[in-house]
Amino acid sequence: MCGIIGVANHEDAAKIAFLGLYALQHRGEEAAGIASYDGNIHIVKNPGLVADALDEKSMEGLKGKVAIGHCRYSTTGSSNYKNIQPFLVTHKNRPIAVAHNGNLTNTETLYAKLEEEGSIFQTSMDTEVIVHLLVKTKNGDMQAWFRNVLSQLQGAYSLIFLVGDTLVGARDPNGFRPLCLGKLDGTYVLASESCALDLIKAKFVREIEPGEIIIIRGNNMESCYLPRKAKGNCSHCIFENVYFARPDSNIFGDNVYEVRKRLGRQLAKEHPFRDADLVMAIPDSGNYAAIGYAQELNLPLEIGMIRNHYIGRTFIQPSQFMRDFRVRVKLNPIRDVIKGKKIVVVEDSIVRGTTSRNRIEALREVGPKEIHMRISCPPIKSPCFYGIDFPSKGELIASNKSIKEISKFINVDSLEYLSLEGMLSVMKDSKDFCHACFTGKYPVEIPKNTSKYLLEGKIVKK
Amino acid sequence: MCGIIGVANHEDAAKIAFLGLYALQHRGEEAAGIASYDGNIHIVKNPGLVADALDEKSMEGLKGKVAIGHCRYSTTGSSNYKNIQPFLVTHKNRPIAVAHNGNLTNTETLYAKLEEEGSIFQTSMDTEVIVHLLVKTKNGDMQAWFRNVLSQLQGAYSLIFLVGDTLVGARDPNGFRPLCLGKLDGTYVLASESCALDLIKAKFVREIEPGEIIIIRGNNMESCYLPRKAKGNCSHCIFENVYFARPDSNIFGDNVYEVRKRLGRQLAKEHPFRDADLVMAIPDSGNYAAIGYAQELNLPLEIGMIRNHYIGRTFIQPSQFMRDFRVRVKLNPIRDVIKGKKIVVVEDSIVRGTTSRNRIEALREVGPKEIHMRISCPPIKSPCFYGIDFPSKGELIASNKSIKEISKFINVDSLEYLSLEGMLSVMKDSKDFCHACFTGKYPVEIPKNTSKYLLEGKIVKK
Amino acid sequence: MCGIIGVANHEDAAKIAFLGLYALQHRGEEAAGIASYDGNIHIVKNPGLVADALDEKSMEGLKGKVAIGHCRYSTTGSSNYKNIQPFLVTHKNRPIAVAHNGNLTNTETLYAKLEEEGSIFQTSMDTEVIVHLLVKTKNGDMQAWFRNVLSQLQGAYSLIFLVGDTLVGARDPNGFRPLCLGKLDGTYVLASESCALDLIKAKFVREIEPGEIIIIRGNNMESCYLPRKAKGNCSHCIFENVYFARPDSNIFGDNVYEVRKRLGRQLAKEHPFRDADLVMAIPDSGNYAAIGYAQELNLPLEIGMIRNHYIGRTFIQPSQFMRDFRVRVKLNPIRDVIKGKKIVVVEDSIVRGTTSRNRIEALREVGPKEIHMRISCPPIKSPCFYGIDFPSKGELIASNKSIKEISKFINVDSLEYLSLEGMLSVMKDSKDFCHACFTGKYPVEIPKNTSKYLLEGKIVKK
Amino acid sequence: MCGIIGVANHEDAAKIAFLGLYALQHRGEEAAGIASYDGNIHIVKNPGLVADALDEKSMEGLKGKVAIGHCRYSTTGSSNYKNIQPFLVTHKNRPIAVAHNGNLTNTETLYAKLEEEGSIFQTSMDTEVIVHLLVKTKNGDMQAWFRNVLSQLQGAYSLIFLVGDTLVGARDPNGFRPLCLGKLDGTYVLASESCALDLIKAKFVREIEPGEIIIIRGNNMESCYLPRKAKGNCSHCIFENVYFARPDSNIFGDNVYEVRKRLGRQLAKEHPFRDADLVMAIPDSGNYAAIGYAQELNLPLEIGMIRNHYIGRTFIQPSQFMRDFRVRVKLNPIRDVIKGKKIVVVEDSIVRGTTSRNRIEALREVGPKEIHMRISCPPIKSPCFYGIDFPSKGELIASNKSIKEISKFINVDSLEYLSLEGMLSVMKDSKDFCHACFTGKYPVEIPKNTSKYLLEGKIVKK
């Protein structure tokens, strides 16, 4: 998954992009980059969190009034430096940079055709394909140029381009990933989520529509469209609402915090456990549904586990000795709160099941009487090919075990999931969502043998 | 403030010390170090968070079954390398390392005497004075040796020494700072707070008593005492309960989470605002009192601000442009939750007042109807000379403004503090606490002109 | 200028390439890189001297039995990372890496044509043009493929390619830059100079001929040719003999040390100063001609200046204060040797004249009676477009001043240069040399407005 | 071995010290440091060559008009950071820094006494003992203070102290190590060798006398003496002349270059090989004696091996593969010069013999007819306890083998050393030299079991 930002015409374009990425950090913690333009093109990109990847010293070089930024959690391509975005080339003296959130589904076909014609690829990202298509295509008129190129793409994409002094934003016809438009004084800003606009104090204008292409030069904006889906046929990613987006964002026409509380209330209606002494969340992702659940049933909400805010990258690949302590290091149960109690534990979702099992084990050690787990979405059974980095089907626990088996695996006294209908019932426009991860119904065709490392074998590793 | 840990006799002594420091990270984020002994002495110490200061590679060198560790937030001494603890010397082939939490009050007198006798100081820490006294004092019998030296000290100290293969723990007679004893299989462990014992799965045995000296060699422990205060005359730091300690720790005979909830309930009794639409905390320090406050008045508790978990050191000294965005970067209000509502905001304490003002300003921008602030301790009016790094009197807002003036300064519709009596009423043994920061009544005499940089002028800066 | 190396089929291919580059370090001190192939392609390249750019840890990754290496002193392209060679791409799963010594003269034309066809350039190096031509050209038969591509190039090039498991070496028809073939046990090795073969204990087989293309796979070698110049019409760079190559190398059919001694003897014949008390060299470049000069006239040879071997990169851009001491820091005159003496100072060449002036000034300060300078080549009057990094015409002192004026500028009692005829007379095949830097007669046409930063404006700077 | 420098009163004191250390780099390549004083004390010290250890950025902090510097090749103490000099303490607000060249012989006795009295040592350097003695001693009158302390020391020492704003220089009564006084405008400068004065353009005033203590404050200098040896009883280190000092220095009243040429001439007289085709040196240490040898016999002097100037630290601990190539990497024989010739190879000295053997082996591979080795000093048979880092007796080849055996070991056709009498005959004041390394006659008593790592066990390793 990734976060993207674009600033059209502001003295502090790169700094605003930096702040925007900061707000979008949850969308990608692996690497970050910003490109800016002031007649010359400037770029800084590095592995790490936004604040590490873009240190103040290197930020100084990012001059110019136009800037785009990207933070990344690897979806296609491995984690080497070249695969960090924005991806930038210069062709006939004109720089073209691009930041991409989503995942194309026809990459392989396009790639093979371009190589046959003598194109040399620098990276293993589907994003690079788009740039080669741009360079190969007649490019007099901006609208025609981008319509021509983007109509060759299939899959999920929210894109922000910097083409010389011009900013271009686009969203695939299905509208898989969010992308919104804001205004800061007179300056247009594009961002994955509205929380980025909040942080930089920009006004939320509207979401970019599915299939829309927006071209911004200075303070002027024009818009055109690819052939679009009719309302009721879009495919917004429902998992953005369940887990991925920030609770203070508004996406797909709704507030994420409110959606999650409604999911929690609906969960309480479907699977109440009224005999509980307290309701607690797995922090922080379960917090919002837990509030809804507790309020619906008028049960006391407590903080049953303390999250350690100092967890850094260091602990991601520790030695075996350290790994044994990993769960506790991250989340420590409070004995005096939990001991001897019947508790409801609310979590947003279960993917592999191992994390949940470890956390329940840590809770068990401080002696609760009963643990009843409630999940604010249906069982996840199928991988995502549109940009979310779920593991393969074999690793998704709900793809292989019944709810009863999962309950036993993670060792809880009861386990209940929200129903698909219940989940969709609290959404606005419930027909406009992709729920393939729960149902396996993919709204855009998936090529056989698709892997996120599709292009790896073909590409130089440095 | 600092966190300290000691492991007496375990194959993985340094790793356990590392985990303990991880759990104690909140007590000191500036630097960390561990010393271990296996016949030879080993030490690693560096600036930064525990996981950065003690990377896996350097940890490999920390061999031996005895180890002590320290994490530090500067109280005396500036932030240079030498001032990072454990402080270690070797004298007559015997290594002596020490980790110190607290602040001596007679450092200057001791320092001058030692220099006159030809001692050369390496650091500007009060801790080094203790080591010079040890080296100058007859040291045949361990109990006599430490009683002799520690009885010359005044002020606040919880100490853990490594003397060759022996671990020594000690706590000043007033018992200002916490220090507890645990057992992991047969191994004794000393730690500032019980949350460190939880993490390493050690059993909590008891707290070290005020004035107690504990000497541990292998799995044998002996104990002796300095002249102690009678019960009812101790001076536990009440601010550990209000803010500093971790909510999942048990210190001074009580659970911190429970104490804070009781503070919140008492605050609700003293200053209820029953007309509120919701209660919210300033996360995370206000979370626990907010739960108590909301439960006492049966008001809905909501998450009104999202804390950004990605805030790193990078943002500590940003450029002016970035500083303007600092509050929002850290805590973003959720408009849909707050807009048009009458809200109660619960915070644990107010020090300078500027942070609260900034946060309230951020809340105001999303349009609440009214903001009523409630503080779960009395106004802080006096600095601490026993180890907490409050600013000088001039910077403590409650030392210079009335509650009404503070209310105006931070721009809330109402502001109320918990009373001193109310605060003490929810403590066990309310006579055993130091509340000098609220009342100015210092239980151990303070020398005139005391400054935490007392020794700086005298000491080599690298 | 650059040094290149290739190893065809050896268990330690990358290590041998490393050693070869070490021996070729004098040909390029700015950056170094090695690519190797074992089914996968591996590459390490960094700024700095060979031993810094290719540290032991990164060398471990350079697996495989085929390797090529490059060390570089910028001729075309600025000094950024991407411009460090080998230049590597992967096309249709086949890696193509190249190391280039020399300078193309028709880069601009080729570049424009390729961009028009949709090629995206990654660097500002003329070398990249060659790779795009390779990828665009039908490539079934190796000999035909390379003949087709290389025949489109003009200018100076000694090239080593790694194409999958195959090594390809080539030299332009004029034979500007050296390239030789060696054998280490059964393994073929290609290297700029024979000193690289000496170091790795490889046997010198022969020089690659001008216009020759050599294709090596495993231990099999085949050879083919571009249309070549007739003997007597080659254009070996004579400055390689005068200054650039290592004295222990054999290039262009001759030993460099012996050539330089002959230049010194010839210089003594043309411009003897028999009244000298001693002959000294400007170390180390003047050492060999000085020996010839002293032997021819039977004058005592002394070491008049001590070269400081500790001069590192650090001193290259010092503060003004340090700059004043720069000459002395590098070369310190020995007062007791020089004071009161009539001395002959032998230097290989004068470029800008400022270095010579500074050195003579340092010598003057220790009180010689007379200083007579002798230069073992003619005055340098024209820039080089075939790979040597001379400054522009305006900065070449001999392009703007008479010998008499230069003598005055550097403040010597007499100054004499070797004649063109004298220089050529001591070469084997005197018709086979390029002496454009002395005469301005360029054997391959130079495009107008050529600059070594030709492509910079077009290329992304990172 | 070490180099030391002091600058008494100059605006650019630290920069001048830096340049001085640059000139003294050959005396210690392991680490370097500078301390300066401007009311506050400043210090920078790091491992590495002078230019790496003291980078320009850190140099900026070295303010003040008084500075001392040190570069070090470990003699006592291991190579950790604390052992890098200057060694600095602050006592009663007065900084005391010291730079030491030489080696005390009564360290152990002094150390034990000081520890017994409660002193805590920070390092394993004999130098620290001196500072503890200073701090323990009444210090009203500078001359009396230093006379009192230095008279307790035994062994070899040239010392420069910075005591607040005062510079103190001292040399042991035997005068083992050089130390000279210069003047730069009005400013006094102290340095190990005169080449440092040359570089900074200071005038050579005189050498500090054996047993002399010089105290400089501002531009005023005073001098006093410890009880001194009579002329003819000093013990200047003759190996400084043979190998260690720079050829452009004047030490012990003589020019090093001239001394070495005289050694070479004397060697030619004692062991002529008139039938040689050429004389060559092992560069660079053998260069000067080789000139003398060749001139005495009127034989042609050639450069038979090229020294690779790019050898850096990287090659000091290479893998086995690289080690095999080490000799050649450093020194490459020139085949065309040597092949088929009878050559005389002049070297300054042989220590372990392995280096010589490797070099001769490299020479053999290019096919000389005969190799005759000549050494410009007698066989080294005993270790040095006065500051030169010879290996133990067991590793000194001449301590265990006859000249004939050595000749066989290094595989030369003949091997001859200069005689002790011959060596002394070309010195001024031949009675004033220590030649213990050749004769085993130690002018100052050596304690039994002395090792250069004497103190290591007692001292904290970081």
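Residue numbering begins at 1 within each chain, and the chains themselves are lettered A, B, C and D in the order written.
Throughout what follows, a residue touches a chain if its C-beta (ideal position, glycine included) is under 8 Å from a C-beta of that chain, and two chains touch if they have at least 3 such contacts.
No experiment lies behind these values; they were computed from the predicted model shown.
Enquirer: I need the common contact partners of chain A and chain D, sorted by label.
Expert: A chain counts here if it touches both chain A and chain D, which gives B, C.
Enquirer: Among all chains, whose Cα centre is located farthest from the one for chain C?
Expert: Farthest from chain C by mean C-alpha position: B.
Enquirer: If you fit chain C onto chain D using only Cα atoms, how far does it have to rotate, to the nearest 5°?
Expert: Angle of rotation between the two copies: 180 degrees.
Enquirer: Could you state the distance in Å from the CA-based centre of chain C to that of chain D?
Expert: Computed from C-alpha means, the inter-chain centre distance equals 37 Å.
Enquirer: What whole-Å value do you get for the distance between chain B and chain C if each is reduced to the mean of its CA atoms?
Expert: Roughly 64 Å separates the two chain centres.
Enquirer: With centres defined as the mean C-alpha position, give me the chain B-chain D separation in Å.
Expert: It comes to 52 Å between the two C-alpha centres.
Enquirer: Output every touching chain pair, sorted by label.
Expert: A-B, A-C, B-D, C-D
Enquirer: Can you name the residues of chain D that touch chain C in the complex?
Expert: Touching chain C: residues 12, 15, 19, 22-23, 25-26, 29, 49-52, 55-56, 195, 198-201, 246-248, 250, 255, 257-258, 284, 287-288, 291, 295, 300-303, 306, 308-310, 312, 314-315, 318-319, 321-322, 325, 328-329, 332-337 of chain D.
Enquirer: Which of the residues in chain A come into contact with chain C in the complex?
Expert: Contact set of chain A toward chain C: 40-43, 88-93, 95, 115, 117-122, 131-132, 135-136, 457-462.
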